[in-house]
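Chain lettering (A, B, C and D) follows the sequence in which the chains are written, and residue indices restart at 1 in each chain.
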């Protein structure tokens, strides 16, 4: 392969915010960079950020985190595949040591398995520090695979990455078994604020969320997705922070909750598969580095804490953009008008 | 909303190729720009492009194209919702005229519907010229919605975008009813070439495709997805060409075909939801414009032809990257080694 | 294969009702037989039937009907597969005539297609009179397949039933393209009645429907399903009426709507894939015949009308059982207590 | 609710077999009763059984077993929902004791959770002895729910069965987290036998399995399903053995493996969600009891062993029917002819 010259494609970027956060994971004011060709995203997200400043802040909760890679091996029979699995499971400690030896940060959390006929798929799930961890688990997977094939010579290689991981594909496994950060962002919005800043009501939001995100999504044959446009905010934030943005595919599979609390709207965005890192490929980019630094995600912290902060901020951005668009859609006509104005 | 300054986030970009194409949609040599933080993607795709030069070229076929937006209205009852639908369907000509009046290029192809209880979802499907068409169909949808609510005052507004569209969410509807370009890229690769350039065989490719993409994907609970990493190529190509890259979500939902033809491997990538445009937001970016021009997608052509050419080229890139990665995965160890080397 | 003796497995059966219907499809009182090993289903459905008698009746609406079978053929290339499809589509009239020649009732409604690589899947969609139509469309498919392979000798046989039909599997296609009767059952239930007969309120029902059927279902990775137990009523009704009860798989994929109308609860069950017939295999069974006759589904009517009536009644039964269980689940403790009592 | 008279709907039934099994779970000859209105199922399954007698037998492997019910509670916030979950998880022992107190057989295996906004769904997974366990886990769930609401009074009741279980709905969760028996049936069939008894070859079977079950199923938007007609055999076996046959919905979600081993075809059916019991409602039916006894599933064995044997036999029946139909479909024309002959 011949040497190729590398140059840059510039993606228009604006800082939006500040968003206000409360709670342990992220606290206080944070502005965020959004890189996107879709310029209406900036004022739309900014509108949500404005609400966060008046409503007392967005709370973010981290429920889980892991990165995964699945390997696949072929046995002579299902009985043999199951026996192979049992032998591997009994040596989980060995596997954990093996993985710990491949990286300073990779630590085995769990081995999951599926057996289909004579094929055994093992999903290796690891903690990966501040990195999103794709390469870390790939190295871990290779070590585990080599060891298995040496330890059990009757097994044949099928794949180093058997799609039970699963990376960047629309599926259910990542939401159910975990991949990336599992983060929830939530905010309580007083009725008067909702009326003044977003021209909507709790009743309208609850109804739209049910009819559009849940029922409409259901009719479309959606899989673990009930939202309006998580993907837009994720893409812009991922690009500005040097993430592997193809992970918006699993990232977009999340849900919105609207609860009418009488004098306020409870609004929450759940993102079970937010794949982000504050180190790793893409983060050396000077512009990206500056973005991360300004958001306080390059500080001296315990391993993993910068990435967790980044995930919390990202979930907050998603909440702001989702809130703004849904509110706009409760008012017929506003959506198109807004977009048309933006683009002039 | 206060004035914000816009600057650029630079995404590393390389030209890859040339890829060789044959057939009507795209013909001859085309190099492609790929903008990505994941640098191993360049040599990987380049390897596939090399195969295309020796194997006689990639053939691309366009099966369908449309852009969609769904509106939702609420009736008093299911019976009333069904009657409302029948009344709308009977006036399809009026709807078509209405839509044609909203844009020079938008033309109604079909109205699809779902009724759930008293809610009626109408999926407006349009031809949109050289644009991907999101804004075009949104304007069309607003016109249709206004007309429906005026024509049938018993109906209530539910949503201007009822998620039966569906935009940027993991679902089945876009593959089954169509959204974006439906493109297939295929290539016949002689066994000797496969061996020399990709170090693999038809038997190995057929087996890996079945076990990883289909069976592994199935176990992961995938939805209309059977591929290794369509998403990576789509993202890089979308960013370099000013697309709304969040559409890689539906774009990634496609399938790979491997057929062992004895003296060759038949290899095909099917992309039923390739959403691309050669005009529209993002395409004014000078770097993007240059990319489009160099690929011959800004030429004087009939409306839609530049976008169709772009879709064909994109499908070719996906094929090159998919071929290269799958071949690498037939050889245990190669994948990790390659990635590690790339990143040094 | 040696001669085998046939005997009967008895399934416990009770008549439930009468349900009260209003509207064109079904009108007035109808009692229904339910064959099931799960005896609590009878009183539970009966409770819903009781509500129908006091609330003015269940309205049923038929939105669509068809039965499908997909064939698959293999071409040399995707380009050739697409050309083959175009040639077939251009001769749709011929295909329609061919199908009409295979049966007195089968009539072509539409041909749908998917092309993946060099494979062409054609979904043959037919009206099938009073039969559910599995065998009718299989015969039609064989005729069409023979004709295609004769008309286009370059194509190879892949499958007479290519799973794009799709029969008795969890999928999205049947809901989106149609298979079986698409029926909606709905009822408006006054608040006082809801309170007295079901011990619940509109608010509780709306909340439970959203949190359990939609959100809980979403988290489970459900596909086009948002209900509590459509499957139970479908199975019992299918067994009592001689249906091919394995079709409860697609039948179960439907949605529930709850709308709080202040002084009443609007409650609707949407069943897009209700596969039933009043004639065909299973219907000769004397017990089944008696069941069908008593429900007025063996009367002298226009072809298809008995099956449509049967579908309407079935949707009503589903509504009664769903309403009763959901109401019970709004009251913690009631569900288990009820079941335990039932089984003594 | 007034007293209703119970009578029987007779389902035509035949004994098929004997099937031959080898291995630990089931060994030797077993004939099976199939209750169905679809009479062609008997000779079709019998053909597969014949192959099992000549090919050395079907091996069945049990990978996992559990029954599940999910409860849902509502917290003030996501942070509170997560704290509630942590408090529950820390008291898993208490939960286990609680569950053990509700039944002689129910034993907690695992608690799984999903948090969406302020809602906490807990999936209670139990061993249930020889029963399929629906009622057992419902009782367990009620006890756990009561305890949680008492232990954490800030939580509100949402649902005793929150659809994250999930019962009788098309979803991904049961395959990924487990529900019912996870059983694999497999057989190696010599080429000559395949030719003589099924008129097919390994190549044809491998190709059809890929193109129909995997690719066709994928295009249809299938979820964790890649088979031709698991549902038919499951329904007939479930009815004959007093199962809650609506569980064919999750039961049908399984995969077929065909491997061309040169001188034989490796054929496997994987059923991750086979819900069966040898005791419980439906099993008191004298006809059902006789069926269970004749298959040796009412013998004196350790708790759970009769149900496991029953699951193994059921998987074997599914394999026989699947093998026979797939083989028939490799030969165009055979399918329809066979069905037509059967029904005369």
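In this section, a residue touches a chain if its C-beta (ideal position, glycine included) is under 8 Å from a C-beta of that chain, and two chains touch if they have at least 3 such contacts.
What you are looking at is a predicted structure, and each value in this text was computed from that prediction instead of being measured.
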- Using the contact definition stated above, find the chains touching both subunit A and subunit D. B, C
- Query: A-B versus B-C: which has more C-beta pairs touching?
  - Reply: A-B
- Message: Just the number, please: Cα centre separation of subunit A and subunit C in whole Å.
- Response: 37
- Query: Between subunit A and subunit B, what is the gap in Å from one C-alpha centre to the other?
  - Reply: 22
- Query: Rounded to the nearest whole Å, what is the centre-to-centre distance of subunit B and subunit C, using the mean of the C-alpha atoms as each centre?
  - Reply: 33
- Item | Residues of subunit B whose C-beta touches two or more other chains | 114, 116, 119, 171-173, 176, 215, 217-219, 221-225, 255, 257
- Item | List of subunit B residues in touch with subunit D within their complex | 172, 175-176, 210, 214-215, 217-219, 221-226, 255, 257
- Within their complex, subunit B touches subunit A through residues 1, 4-16, 33, 35, 37-39, 42-43, 46-47, 70, 72, 74, 114, 116, 119, 121, 135, 138-139, 142, 145-146, 149, 157-173, 176, 207-208, 211-213, 215-225, 227-229, 231-232, 234-235, 239-240, 242-246, 248-249, 252-253, 281-282, 285, 287-288, 291, 329, 332-333, 335-336, 339-340, 343
- Task: Mind listing the subunit A positions that touch subunit D in their complex?
- Result: 23, 59, 61, 63, 77-79, 82, 114-119, 171-173, 176-177, 182, 184, 186, 221, 223, 255-257, 259, 266, 268-270, 272
